[in-house]
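Next up is a structure, given as structure tokens.
Chain naming follows the written order as A, B, C and D, and within any one chain the residues start at number 1.
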Amino acid sequence: MANNSALFAQTLTDWTQGTFLAPVPLWVWAMVSALVVIYLLALPFGGIATYIERKIAADMQDRIGPNRVGPLGLFQFAADAVKMLSKEDYVPPAGDKFLFNIAPVLVVVGSCAGFVALPLGQYLVAGDVNIGVFYILAVTTLIAPGILLGSWASENKWSLLGGLRSAAQIVSYEIPVALSILPVILISGSLQVGEIVKQQGWNPDLPIAANAHFWNVVHNPFTVFAFFILFVGGLAETNRIPFDLPEAESELVSGFNTEFSGMRFGLYALGEFVDVFVMCAMLAALYLGGWQLPFLELDKFWITLPSGLIALIHVGVFLVKTLLLVFVVMWLRWTLPRLRVDQLMGLCWKGMVPLALFNVLGTAIWVWAFKGQSMIQVAMGLFSGGGSSH
Amino acid sequence: MAQSCLWIVALPLTAFVIQALVGKKLPRHGDWVSVLAILGSFAFAAPIFLEMIRSGHVSEVLQYKWMTMPGVEAAANSPVLNKAVTLTVGILVNNLTAIMLFMVTLCASLIHIFSTGYMHGESRYHLFFAYISLFSAGMLGLVISDNLLTLFMCWEVMGLCSYLLIGFYYQKVSANHASLKAFMTTRVGDCLFFLGICGLYVVFGTSSLSEIYKALQAGTGTGVTIVGVPALAFIGFMLMMGTVGKSAQFPLQVWLPDAMEGPTPVSALIHAATMVAAGVFLLVRTYPILEKAEIVLPVIGTIGALTAFLAACIALVQVDIKKVLAYSTISQLGFMVLGMGVGSFAPGFMHVITHACFKACLFLASGSVIHAVHTQDMREMGGLRSKMPITFLTMFIATLAIAGVPGFSGFVSKDRILGDALAYGMTHPGWMWIPILGFITAGITAFYMFRLIFMTFFGHARDEHKHHHAHESPFTMTFPLMVLAGLSLAVVFAGPTGIHSIDAKLLPVHWFDHALDTVKAEMGVHGLHVEEALEHRAHGLALMVSLTVAGLGIFLSALTYLKKVISAEAFEKSLKPVHTLLWNKYYFDELYIKVIIQKLLLPFTVLLAKFDDKVVDRTGVDGWATLTLFLKSIVGKFDDLVVDRMMVDGSGNVVSAGGWVLRQLQTGKVQQYLVFTFIVLGFFIFYFVR
Amino acid sequence: MNLLDFANSIEGYLLVSSILFVLGVFAVLTRKNAIGILLGIELILNAAGINFVAFSKFHSAAMDGQMVALFIILIAAAEAAVALAIILRFYRLKQTIDADEASLLRN
Amino acid sequence: MSNGIKLILLLAEILTVGSALVVAVNPNILYSAVFLLFSFLGVAVMFLFAGADFLAATQVVVYVGGVTILILFAIMLTQWMYRLKLRDVGSKFIVPAVVLALGLVPMLHRGLTDLARMVKAAPPEKMSEFAASPKTMEIGKALLGSHVLPFEAITILLLGALVGAVWLARPKS
């Protein structure tokens, strides 16, 4: 907070110098930028994601999907929101009203807070905190208590079982997730997401040794595995299929959110989608180069592009990568069957944790052995005899 | 330089450890370990020697702190008065050390090589090499020692090795007796020597030679008395007794002939070349002290002269080839001691070196002969000249050297000693008989040595069988002989002839004199001081007399044993009592054993045994036991009533009662404990905040 | 000194930590439930951590305090895991987690 | 530092203390656990303002993501599952507890502030520089450098705790 370079807010302060907004202090702009990010990005995404998901599901099942509200049913999510807001505010009479109220809020706060540290573009980040990745991991842990408390407050055994499952699942899968982020940190030597992304560029004009090392996913053989572990662990952390045991319809009615309705249910759903988005965005930023356009340095294009256009392209690239991953997540939902509880835990503790540990070790050795160079750099260095990349 | 001295000692010591532990399992029973070690020592010693030759002067003192001793009650006017003294061990390298190191390592190397041939096939072969390696380490350590204490340690190590090697053929009773005799006899001298070191420490507060030299030059020690005796005289006598024991001087000469029971290389190395010379070396090292203690020097000279003469006489009648050499050794050692006594410092030391070379040669040659004919009795030899030409030639050269024939090394040193003795006698007429005895002995020496040569190598074979089987020894044995014979030439030490006035014109080879002159100045040795004219006269006279007596001895010997013109048997008969006296070595052994040991020491021992039995055992030990039993019963009662009942049981009861009280506090309610905890914490905080 | 500056001073931090500590003590002493005691202990540990961090910033401007606070957090995690495992075990044994029931070794 | 930022810190401190108060006095153990979580979050914010960014994130990860969930699990596993009234009847040590609480706060605070006065305060510019500098790298260096021994000891402790907890909590064969 106090020590973070809130680039967004700084930019806003600079713009407003000399206008009537000049007395507005930096911290207000920081809050404003955070709110802007949440309201303009996170919440619309949460809504649109429901529409996309339904459309994709419909496509895969050879149906049409939502098509009534607006063109192609595009405003379906708005209609849903209105419906949710207007529903009865129901709390189970035997349930715990206080916990029932705060639980969905915790989930939404936990998932939306992660947005702050995600760099949409080179200079477009709400708060490029210097513990970025760690910060995202930290705030997303709020989701687990939210689910657990909500399930308890529902006074419903399906809910409670779902909540316990969810909490156990999230706590367990946090370990392989964290361990799969470690290789990236080993490579880049920074927790700052912006810095990590910056290091994944590739400038064809530079000699190999001085160049950045392209996407982390192909940095070395271990990061390939780490990427997949992070992806799978992210699926589990966000309770997506095939790890959606907390809300397994066939066993637990609807899991931890069985008793929730109206806007509270909407918050849960929103939280889940935002969490998916954060996970995928993190994957894109950490492993797929974030806003970096592959093999191109927009700053050094053959024609000088306006900086606004560059920023827009960066945002576009980042969103494309993220949404591709989101698409894969949704795709998987209609492709894979659900795991059993013991399979779920076995996969985590016996499969992914050892593999992730192995990845960390392997990456550490790689970084030590090749002085931080990526596979591509090493290979090209071999072919060009250590000369330039041409 | 001094550092390499450590290597010189450490190499043979290492070889000893290896040989003693695993020698038997090594190929060739590990003789190469010892040989390589001593050759390594030689390789380290040679540069020091060459440096000395080149620059004429080496001098280095290396001292390490050994331990700090509390103050001692010292003699009046001594530098040590009740103050702590730091003992140092050190290495003192001067010209003497350089020469001695070179000589010892050279002789030892040659004798090691000789031994590989001579001892071949013996049981306990590896142990033999272990012992001589240890001996070499001891001797070399003695040579480099700066501190008399370490010198004494090495001295005792050599004594031990001597004991072990004399008794090497432990199956032989005589060898056992001889080893014991050697050990016990030298022990007498060693004890007194140690007393001398103690005296030195009391007077000088140190036993470091280099420091003592400095102190002496500063005038310390003169006028100090120990229980009424002048301290330096006392010390001088005690050091002299060390020499007397080690170098087999009168009256402790009895052990050396018996020591010939050991293997011949041992006789050569220990009982001719090095260990017995260590006694003289001690005199050399401590010469500044002896000079200050005025009365000691003439006594030393007397002892030397007496020893030389008496031993030479015995050698006349011996028939065992090694015994003859043994007595000649004693006799020559007597010469050296005589030289020391009359202030003939440089020639005396030179005689140590020359004697080491030619006597080692003689012994090894005799070993070669014994090896060939398997007997030590000269009466069974004869005519071996043609059979063993190399042995004969080398032994003949060595004999010429010992007999004092010009052109050979023995002449150089002996003639100078006799010259100095004569000069001394001229200035101190009371001691005139010292040079006279010396001249007589020189003649006798020539006689009996040529008797040995003639009986062994000339004439016809007295025992055909043994003569028939005799053969020249292998190269490993003859090579050392040749080297040593080469070193017995006068040219090595002084000049082509050994007569100084001639050589000075022919070939100026003066390295020895130069080296000794330097070291004399360094140590503060004055040596013999007479007028130059008198000295010239004495030396000229001595030259002629010694040449005459040597020639006479050789001539008579040739007449008697080569041409048989004079009948030895007739002489023997006509001088029967003398012959018997000599044959029985003046009855010294009988005197020591029958009179001193049996009549004096044995009754005393018996008395001591009785005292031990009656007084110590009965009264002391048994009395203590009774007293202890009595006390035990009292203590037992006390233990039972007071300690057990009251204290042990009582404390147990107190504890269990206290435990009952405290147990009431333990309610099993964790929060109650926490209340106590936090109340105490509150008090603490209150105390600190207040 | 106004309230905002007090909040950002070492006294403010220390006041918070003192109150946290005392509330932890209170919870530890008054809870019957073993888990409640554990909650109190966590509060106490947090109070200690705040102290370290506060002194680290305001008085040494060096890392040592933060290192100790980090270790406190890690130890607290280990402590919580073991304590809860013990509580579960105890629950299986006695069907209760009342701390006063854990008194087999009394007297 | 602007007053708005300071206000955030003040709010965090109030959140911390208030939540802790609920933890201490609320008879419902589950509420205690939930408010403990808020208290942890408040402490994390305080850490952030004291220049301990990494520590703050660690606080959230370990306490919120680990300890709180464990505690919630333990509560849910040891209470009858649907007995929502997790009443914790005040024990008999309520009186000493209150006395201690009332006595300890001023004493502790006074003692600590005295201590703070005794120790020389850091110069303001150094303090703000320290508060603004990132700590992750320094903590990493310290863990493998000056503090490597406690670090190793902690790793062994954590391993032991892990194994011990699993062993204690495992079902009977």
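Keep in mind that, in the parts below, a residue touches a chain if its C-beta (ideal position, glycine included) is under 8 Å from a C-beta of that chain, and two chains touch if they have at least 3 such contacts.
Being a predicted model, the structure only gives us computed values, none of them experimental.
Enquirer: Between chain B and chain D, what is the separation of their C-alpha centroids in Å?
Expert: The answer is 84 Å.
Enquirer: Between chain A and chain D, tell me the centre distance in angstrom, where each centre is the average of that chain's C-alpha atoms.
Expert: That pair's centroid distance is 28 Å.
Enquirer: For chain A and chain C, let me know how many angstrom lie between their CA-based centres, rounded off.
Expert: Spacing between the chain centres: roughly 33 Å.
Enquirer: Can you compute the centre-to-centre distance for chain A and chain B, using the mean CA position of each chain? Integer Å is fine.
Expert: About 94 Å, centre to centre.
Enquirer: Enumerate the residues of chain C that touch no fewer than two other chains.
Expert: 25, 29-31, 100
Enquirer: Pull out every residue in chain B that's touching 2 or more other chains.
Expert: Chain B, residues with two or more chain partners: 671, 675, 678.
Enquirer: At which residue positions does chain A touch at least two other chains?
Expert: none
Enquirer: Mapping chain-to-chain touches, which pattern fits: line, ring, star, complete or other?
Expert: Contact map by chain: other.
Enquirer: Let me make sure I understand the interfaces: which chain pairs count as touching?
Expert: Contact pairs between chains: A-D, B-C, B-D, C-D.
Enquirer: Using the touch definition up top, name the residues of chain D that touch chain B in the complex.
Expert: Touch list, chain D to chain B: 91, 93, 96-97, 100, 103-104, 107-108, 110-111, 114.
Enquirer: So in the complex, which bits of chain A are touching chain D?
Expert: Against chain D, chain A makes touches at 1-3, 25-28, 94-96, 98-99, 102, 129-131, 134-135, 137-139, 141-142, 144-145, 148-149, 152, 155, 157, 160, 164, 167-168, 171, 174, 191.
Enquirer: Residues of chain C touching chain D in their complex?
Expert: Those in contact with chain D are residues 3-5, 7-8, 10-27, 29-33, 35-36, 38-40, 42-43, 46, 49-51, 53-63, 66-67, 69-71, 73-82, 84-89, 91-92, 97, 100.
Enquirer: In their complex, what parts of chain C are in touch with chain B?
Expert: The contact residues of chain C facing chain B are 25, 28-31, 37, 99-100, 102-107.
Enquirer: Mind pulling up the chain B residues that touch chain C in the complex?
Expert: Within the complex, chain B touches chain C at residues 663-664, 666-671, 674-675, 678.
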